[in-house]
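Beneath this line is the structure, given in structure tokens, with notes to follow.
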Amino acid sequence: MVHLFRRSLLSMIGLTLIIILLLVALFAPFLASQHPSYVEVSTEQGTTRVEERWEIHFDQKLLPPSADHLFGTDDYGRDIFSMVVYGSQTSLRICLLVVFIATIIGVILGGLAGYFGGALDEILMRITDVFLAIPYLILAMAVAAALGRSIDHIMEAMIITWWPTYARLIRGQVLAIREQQFVEAARSVGASNSRILFRHILPNSFAPLLVEITLDLGAVLLVAAGLSFIGLGASPGTAEWGLMISEGRTVMFHAWWYVTFPGLAILLVVLGFNLLGDGLRDVTDPKLRR
Amino acid sequence: MEEDPLLSICDLKTYFYTYEGVVKALEATSFDIWKGETFGLIGETGCGKSVTALSVMKLIPQPPGKILSGTVFFKGEDLLKKSEKEMQKIRGDEISMIFQEPMTALNPVYSIGHQIAEVILLHEMFPEISKEKTINPWKKRKIKKMIQKKAFEKAIEALDMVKISDPKKVARQYPHELSGGMRQRAMIAMMLACNPDLLIADEPTTALDVTVQAQIIDLMKELQNRKGTAIWIITHNLGVIAEMCDRVGVMYAGYIVEIGKTEKIFENPDHPYTRGLLKSIPRIMEEQKRLDIIPGNVPNLIEPPEGCRFHPRCRYSRDICAKCPPNLTVVEEDHCVACHLYEEVKYSKVGSKEKNDAGASCKS
Amino acid sequence: MLEPLVKADHLKEYFPVKEGLFSRTKNYVKAVDDVSIDIQKGETFGLVGESGCGKTTLGRVVIHLIPPTAGTLVFMGSNLSEIRKEELRKLRPHMQIVFQDPSSSLNPRMTIKQILSEPLKINKRFKREETTKKVIELLKTVGLDEQHLYRFPHEFSGGQKQRIGVARAIALNPDFIVLDEPTSSLDVSVQAQILNLLKDLQEKFGLTYLFITHDLSVIKFISDRVAVMYAGKIVEYARTLDLFRDPTHPYTKALLSAIPIPDPRQRSKHIHLKGEVPSLITPPAGCRFHPRCPEAKPSCGKEEPRMKEIYKDHFVACF
């Protein structure tokens, strides 16, 4: 199956982009010329949180891309290349955590609902419906207003609104696989419910889930960037791609580099996840293979 | 009676280009079907019988499949040279095909009558109504509606012809409301509505219960008598072949290995594969303690055996069998075998229907 | 008369049909309606019928894969409906099942070794090292090889997959195996191989089979006794030779006449049945076959016929 993946050029491009992202995030301290420091700060609401702080060099503000500053500098003189590089860490953290936690919640609830059916299924599905109805934007705004704007808060908001999709997906898969003959066969040799669920049903449900997760990583990134863009996510001064685009808007016409490079980063990463997800879908779908 | 066959397939070669390799589905398939006769093509899964039918109808999906060479003469013209548009005129009107699973072959969101009428509308012009030429758009609509109504009536007639009770009611029903047997009858009605010269039936009764199967077989025989349609039936069920067919061809791994009149093949099967097949089926009329089996498995068509594709499983195989694929040889009148065992037995019978199959000469 | 291995009395299996806003049970699908059969040790009991007659359900009820709605089921002396769950679990290895479609009865993500070890592991039969040995032994018994251990189901042909299904069924040394259409999805030549294999295994291990199929020629080949099922009820059963020589019930006669005979000289006349297979939710009153029966009398619609012994060991439910 791997060889099929390798044959698709687009999937390989996607994989390459993601690998680049991972490497950049991992080796950020070595790639960047400027580095942030982390400071604990107390908020209006009375809690403390950690914020990024970058050194300010007003004399170097808004320099175009050059050998010293590959992507130029922003209006505080900070090296944009370094900020983009460190931003990859932030973005990766958001994507992975949100999707990972939402998946776990979704798989547990969806799996139980699908397997046992009956009243449990009804209750869990109605709970899922309630959460599905919550619009992420409104929730993010509410959370920001109540608890202050931070990346952690938008992650929490996104997890809450994201898990129902996975629950539904897994439930559908479990319902279909539950009726397959090999499940009946396992039951006929005496397998217990938990064994059937974990050893037989869930491993066979992962294929579409994997595709969905990969595509969602890109989607989550876009949402997080968007929330930061409108001021709900990252606090000002953090190197987060969406926030950078928002701050670059005012100087867009005479300092094009400020908006462009973070935007390009978002584009490439989301594209990478999408291509990867498409490639995975083509590889795992037996009908498309011939 | 030396007339030209209705359908003459010669050296048909169809390959499929897949991720895992090139599937050599058909290598040099050749046979003829005469007007008004019932021809059976028998073989097991993967031998290429459905591929042959789809190749003739030019319904092979072009990637990954490709018809590489050969000729398919139908009523004197080579179908493989025809354009898609020309083929569309022929399909449904001169050659029709019914498939194995009537549920998936019928569109679930249209009524039965609508679907049959659709086939009729594609090929019939209803000159008496459409000859009225007007530019008045309302009149045009009225004419169109009249044609549709006429087509629907013809659809009901077709349903009646296949012995569906209460055809008016059934015409308005949807596929899921009918049983398997009725759906298959509806398919037959659809495909015979335009009186084709050849009906291809790909495993028409495999998905049906045995009592329904018997009814469908009888129905097809009766319709053939009435309309003179030639039927090409594809199946793996030897009983169905024995009941329905005048002539039969046995296919194995993309080749025709034996072909001839049904009685002769069943009484004197010459090819080792045919013999093995006939011996391995449980028979109602006999006492059997064990069934004779053909050892081994059907070959992988991506890397088929060299020479005769059956030789690895054949108890009579000799050196030549691994080197060169055998040609069809005439063993008696109306009976040909593709096997090196019989190369020595060559008849040259003038007037035999299989004259074209002996050796490699074909209409080119 | 020896005590039968399996004795089923008045088995009923009704599936509720839920309709309405709150999924209230409005009606029942009477898949198995008052069926009584007994199967002797070492014999092959054939069950024939067309689609929708309930034979698949009956096969599952007989080994208590689905608990019956009513009726008693006695297996090896124990009444399965009355014993505790513990006892039932202990009896389970003695009754196994082979499924129809080998492609969906094997978990596509498990290797053959995992699939065959599973019954052994669950029932704690062997220590780990011995399990592999036993699995290889099983593979050899059904005609496969050690090299197939670490492959996945999709790498095998239909016939090979079905052999694996059979291997799984005999892994726990059962006494009784239900075979649900084991050869229906296989090619003719492969079918012959599997049928021979089943016969050999039966001799070797002293197995008792319940063989379910719609193919009458297969039933004739493999069964000692045959029961014909229609619309949830058994309409006729007898020793195989007797049933084929003297079919009594009109449905059996129609069924036998419909089999296409692979001999072009013998083109038999088919008995056509009018109408369709009845719905199991609202079956016809009286004899379930009477609306389609060519020999029906007006009294057939009034009451249900009882099973009568008309010849020795040959029972029919007809007036």
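The first chain written gets the first letter, and so on, giving A, B and C; residue counts start at 1 in each chain.
We take it that a contact is a pair of C-beta atoms (placed from the backbone, for glycine too) under 8 Å apart; a residue touches a chain by one contact, two chains touch by 3 or more.
Just so it is clear, the model here is predicted, and its values are computed rather than measured.
Most remote from chain C, judged by the distance between CA-atom centroids, is A.
Per-pair counts of C-beta contacts peak for the chains B-C. Between the CA-based centres of chain B and chain C the separation comes to 34 Å, rounded to the whole angstrom. Between chain A and chain B, the centres computed from C-alpha atoms are 54 Å apart. Across the complex, chain C is touched by residues 180-182, 184-192, 195, 200, 203-204 of chain A. By the touch criterion given at the top, residues 44-45, 179-182, 209-215, 217-218, 236-243, 262-263, 266, 276-278, 280-285, 288, 290-294, 297-298 of chain B touch chain C in their complex. Interface residues of chain C, counted against chain A in their complex, comprise 63, 65, 89, 92-93, 96-97, 99-101, 104-109, 118-119, 122-123, 165, 168, 171-172. Those residues of chain C that touch chain B in the complex are listed here as 50-51, 157-160, 187-193, 195-196, 199, 214-218, 220-222, 244, 254-267, 270, 272-273, 276-277.
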